[in-house]
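I've put the structures underneath this note.
The two complexes that follow have chain A in common; it is paired with chain B in the first and with chain C in the second.
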Partner chain A sequence: MQIELRNIHKRFGPVHANQDISVTFHEGKIVGILGENGAGKSTLMKILSGFQPADQGQILIDGQVIDYTGPTAAIANGIGMLQQDPLDVGAFTVLENFIYGGAEGIALGRAQAEATLDDLSARFGFELDPHQLIDNLLIAQRQQLEIVRLLALGVQTLILDEPTTGISAEQKIILFDALRKLARDEGMIILLVSHKLEDVIELCDEVLVLRAGVLVGDMEMPSADHNLTGAVIAETKQHLVTMMFGEELEAQSREHYDLGKPVLEVDQLLVHDLRLDMQPISMSVQASEVIGLAGLDGSGQELFMRACARLGRITGGNLRLNGDNIVGASYRQLFHRGCVFGAAGRLEEGLIAGLTLTEHTALVADDHMRIDWKSMAKRTASRIDQYRVKGRAADNVEQLSGGNQQRVLMGLLPDDPQLLILEQPTRGLDVDSARWIWTQLLQRCQSGTAIIFNSSDLEELVTYSDRIFVFYAGRVYPVPDVSQTSIDELGHLIGGEFQQA
Partner chain B sequence: MKDTKSLATQIAFLLIPVAISLAVAAILVTAVGRDPLEVVDALWKGAFKDSRKLGGVVNFWIPLTLVSIGLVVTFRAGLWNIGVEGQMMMGALFASWGAQYLLWDASMSPLLNLALIALSALGGMFWAFVVGLLKIRLGVNEIFGGVALNALVNVISIYMISGPWQPRIGGSAQGTEPFPVPALLPEFSKTFPVNIFMILLVFAAFIVVMIMLNATRWGLNLKAVGKNMRSALLLGVATERASMSAFLVCGALAGIAGSYRVLFTFDNLRPLASGGIGFLGLLVVLLLSIRLLWVPLITFAFAAILTGSTRLQIAPSLKLDSSLAGVLQGMLVLFVILFQGVREIFFPQRAVDAEDIETNENRPNE
Partner chain C sequence: MNEEFLNTLGSIIGTATPLVIASLGETITERAGVVNLSLDGSLALAAVLGFAAAWTAQEAGVLDVPMQIALGIVVAMLVGALIALLIGFSSIKLRRDQVAVGFVLTLLAADLARFLGADFTRIPGPQITRFALPVLSDLPILGPIFFQQNVLVYFSYILMFVIWFWLFRTKGGLSLRAIGERPEAAYARGAKVQQLRYWYTFLGGALVGLAGVAYSLNVKPGWSSPPAMQGDGWIALAIVIFGGWHPFRVVLGAWLFAALRAVSSNIQTNGLFIFGQEINFPFVLLNTLPWLLMILTLLIVSGGFTERLLQYMPRAVQHRMRAFLRSDPPKALGTRFEME
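This part shows the complex of A and B:
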């Protein structure tokens, strides 16, 4: 199979999200799609997979002009896509989802479907229990299910939009192995949208770079067979960054500030969970301190953060904010005392689909009963400038690209909070934006804000944390000296190898 | 630019289903051997033949518009306040209590009217508060809570009518004795029997709610809670307070609507005095997908059709059951909702825009 895009255009109002894009994808290739937030990556992928029509341009499959509308038609033409934000069908089991998502639908017998599912899972080392509810799956497993479902539908091209943002390093290895197999053994085309340059370099054969809707370049990736040395990776990364942003980015580091008095004191805190055997947690977070939480998905760090923000249940121990016990407090009470929680799922928790950016501003503005929409629009415009959001004040927030939604979310945080508890604050941000967000956060730290955050990006953890706690199966392990810890060592710790450290 | 286009689709998608339901109704009428035009004529005469008839329409319009405005508020907060019917009834009960026990002098009548209206608002709020409490504290869905409370208030009112408030002579479950005249809301005139103060109150409520929803932080909080409770909470909105306040506002308006039924329409308390108006309000608000601006107009159309339909039976050449009006309304709602679904499929972005037109009017765009 070979896919050719010819002169694709897509506009959203004044935004020219895809401008005259022409490109050919060849059989058996893994292609990375790179570009800053809002560059038009998702838009292009959605056009290819039938989720959105292009305004102009053609799609050719094996030289034939194909005209399809809708994802089902795209799948019938062999093109399937994993969305940036997975669609929820929580109440179904894995098997049901697999069956109902199939084109043959009911015709496919249950037993037969289960056999196919098991077969495909086994082939790629996926762990999918057919009778598990979708709600109980990790993001990585939801992806696996989606991949298996698309494969069963005979897809020859697989598009993945930022598949590695919410998954652990371990799961990533499984995913990448599966993708390699699909490309090498079955000649499939794999298109991977990602902001993680290491991933792209490791996995892809070539990359395309978009900037402001325009295809600005492509590049062959160094082949994995000629072992990828650190130097090669670093050089390639530099090159990609220059293509994406038009300039090189200097190495990132941070100043460490003098720590103040304890802001949050956690004393033998017990968080209940059905799946995890959570051990009591103790730590003290001081003003101006940045605490990084590391660990595989679902190792307890999310539970802990939510408990601290009083969004999750506490079954024992003590929790004090500025010396006051907050075990019995509600999130709203903490919010008014300067403790703010930022969740990872932007549109589920944090932003409100259907509200404009201005309405979001007005919502968090500590203002009078009457809303002055003019001044709110003005304030929004200045935030948009400050946070370099690609979008307009009157846009509904769900119209923004994923990364821009994240910027809006960060822009809504109060200016001088006591404590920020942030789930994956740079999830889905391009390298430049991620740094920029951290500059903003560190400014707040300098004036006394304490931060607790988690991340699956080890480099982010090592670069920005004063202290790191590793969560492993409900246990918490403090990393003795962050400045002396390498990313490699942290990786081992996350895998549960505490003895080595 | 986008607004004109989406406004056009919006209007088209409101008119097409109306036309279809009228056509279907016409076919139905023809099928039973009557002339559709005659039906239209009868409906029209039934509603607008003279000022008395018009008065009847207005008397239906007043409570219907009040509950519909209230329901826009609860819908904005993402709440299905099915309990609105019971809240009307509770308002009617409170007003009935006052009408029988506050035996003020005739010279105090206007003051008494006000007091009773306020009392009925309290009654409606009380019943809405219970629904809200069940929802917020115990997690009982407001639909179930509302249905249960609707049933409960009906039992209470029947008990009151056949028990403590039973007429002295000829007591039955038909209703209480007519209330003392000072308690009743006065008619404007014999030829136009409506209460002017209530009409003004409806418009006042309309304007105040319109402003509150679109220009205050309260209205924005409701919208945020209605669209995404979880995010609203994380952004610092007092979500429980917002939900409760929506219930209370709707309850107050429903209660007042209930008082109009007993203090004007019937002059006494009867079982089911709310007469399904709350449920009809739900249809109206569904029909408009929560756009407040059109509420008074649509409620007027509903009131006219329903009032006019009584004539279908009387008109000698027709002898149709007045429930034909109900059929027509049901079809209207069905088709409008159907077409909204169709529009969402074919004009997904416009649908988002259209929904916000009302709020955008009140706000500078950029």
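This part shows the complex of A and C:
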């Protein structure tokens, strides 16, 4: 199979999301799609997979012009896409999801479908229980199910939009192995949108770079067969960054500030969970300090952060903010005392779909009954500037690209909080944006704000944290000296290897 | 078992049938993501128009009795279906809120029914008669309860199984559930979301219409004021929730409700005697009994309790029980779906 895009254009109002994009994808290749937030990556992929029509341009498969009307037509032509949030039905079982959308007919054909599902899963080392509800699965497993489902539909090209945000390192290895197998053994085309340059370098054969809707370059990746040395990776990364942003970015680093008095004191804190056996946690967070929480998803760090923000249940121990006991306090009370929580689920918890950026500003503004829309619009405009959001004050948040939603969320944080508790503050952000967010955060640190954050990006943890705590199955392990800890070591700790140590 | 008691149970099943059919119809509609709030009015309007059609045919002396009844049924089903379609249309095409439109239609249809029904008050019309099913009606206990009824009751049994089978055993059922849970996912798999929603709203509405005419041709023949079914539309909506959008549970809920209603009305007329002692308290409060029981059951079913219970069951049984015990509404219920 060979896919050719010819002069693809797509506009959203004044935004020219894809400008005259022409490119050819060859059989058996894994192609990375890179670009800053809002560059038009998702848009291009949605056009290719039939979720959005292009305004202009042609798609050719094996030299034939294809004119398709929707995602099912794209699948019939052999192109399937795995959305960032897998498009499955939460109330269905794995098997029902697998069957739904498949062959014609009335009967479900459970037995046969189950056999096919088991076969495919076994081939890629996926562990999918056919009778489990989708709602009870991890994102990684839902991705695996979608991949298997698309394969069963005979897809020859698989598009993945940021598949590695929100899945653990082990799951990533399983996913990448499967993708390699598909490309090498079955000659499939794999298109991977990602912000994690290491992932792209490790997995892809070649890379396309988009900037502001324009295809600005492509590059062959160093072959994985020649042992990828650190130097080669660093050089390639630098090269890619230059292509993406038009300038070199200096190496990430931060100064460490003098720590102030304790802001948050955690003493033998117990949080309750049905699944995890949580051990008591103790730590003290000082003003200007950055605390990183590491661990696989669902190891207890999220529970801990929510408990500290008084959004989760505490079953024992003590918690003090600036010396006052806050175990019985509500988040609202904490918020007024300068403790702010930023949730990872952007559109679920952080932002409200259907409201404009200005309306969001008004929501978090001081408690006046009457809203002064003019000043709100002004404030929004200045935040848009400051946080370099690609979007307008009157746009609804759900229209923004993922990365820009994150910027808006950050822009809504108050100016000088005492304590910021942030879930994955840079999830889905491009390298430049992530740095930008951290510059903003560190500025606040310098003036005394303490930060607790978690991340699945180990480099981010090591670079920005004063101290790191590793969570593993409800146990907590303080990393002795962050400056002496390599990313590899941290990776081992996250896998639970601190028990022997 | 005491014959009188079995007969009472049988008549409870009989009187519950309109509720059963209406709740099953609403179940289908809501499974597709559309909430038809007009039930209370639709039932009344279908009842009165269905009765009017059948009675007019009887007066004119055209058709024989079964066909007069069939005519009434067809008219009533059309009435129910059209009202439902109106909700579907205003939500899908005009982008109006389903709840608001449904509520307005409830009031409108109820008033219209009262107005049109004035001419038909307390006149006898054709009636659906009961007939015992051969063989089945001779079964001990079950026979007198379930199989000495009229054709609508038998139809409601079949309907329950057909809906269950469609929902959980066919691809069409997967599609129906998906458009109510996550229409984007359904669209991505080739379902024509809007078209299906229209269709299931229509079908559900037709069943509501059938339920309406079941009152005026069977349960309490003719038209009275206040109408016999007043308030039952809201009860049917509650039963759908109580039944967790699962046909078996919905039917059980309707039967349970009818039974409790029979108990409370019996106590209200005959008084309550325990060991020969007459107990006195404001019996009107008994009317709340069914609701209290429903809330209690919902609390039990929706707590984490059932999930823990499920963990102890064999795996094969687990997922079936989970579908039966679930208490979450379809996730996209009452929302619009727009493709990009």
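The rule is short, and it goes like this: the second predicted complex is superposed on the first by the 487 of 501 C-alpha atoms of A that agree within 3 Å, B and C clash if a C-alpha of one lies under 4 Å from a C-alpha of the other, contacts with A are read in each partner's own complex, and residues count from 1 in each chain.
In this section, contacts are C-beta pairs under 8 Å (C-beta built on N, C-alpha and C of every residue); 3 or more make two chains touch, one makes a residue touch a chain.
Just so it is clear, the structure is predicted and the values come from calculations on it, not from any experiment.
Of the two partner chains placed by superposition, A:Ile173 touches none, neither chain B nor chain C.
When the two complexes are overlaid on their common chain A, residue A:Glu349 makes contact with chain B while staying clear of chain C.
Of the two partner chains placed around the shared chain by superposition, chain B is the only one that A:Asn396 touches, whereas chain C remains out of contact. When the two complexes are overlaid on their common chain A, residue A:Pro71 makes contact with chain C while staying clear of chain B. In the superposed pair of complexes, A:Ala362 makes contact with chain B only, with no contact to chain C.
When the shared chain is aligned, chain C comes close enough to touch A:Phe92, but chain B does not. In the superposed model, B is the one of chain B and chain C that contacts more residues of chain A.
Residues 46, 51-52, 70-72, 87-93, 96, 99-101, 105-108, 131-133, 274 of chain A touch chain C in their complex.
On the side of chain C, the complex with chain A involves touching residues 169-172, 174-175, 177-178, 181-182, 184-190, 304, 315-316, 318-319, 322, 326, 328, 330-331, 340. In the complex of the two chains, the chain A residues touching chain B come out as 13, 331-332, 335-336, 341-343, 347-356, 358-360, 362-364, 367-371, 373-374, 377, 381, 392-394, 396, 412. In the complex of the two chains, the chain B residues touching chain A come out as 2, 215-218, 220-221, 223-224, 227-228, 230-238, 352, 355-356, 360, 362-366.
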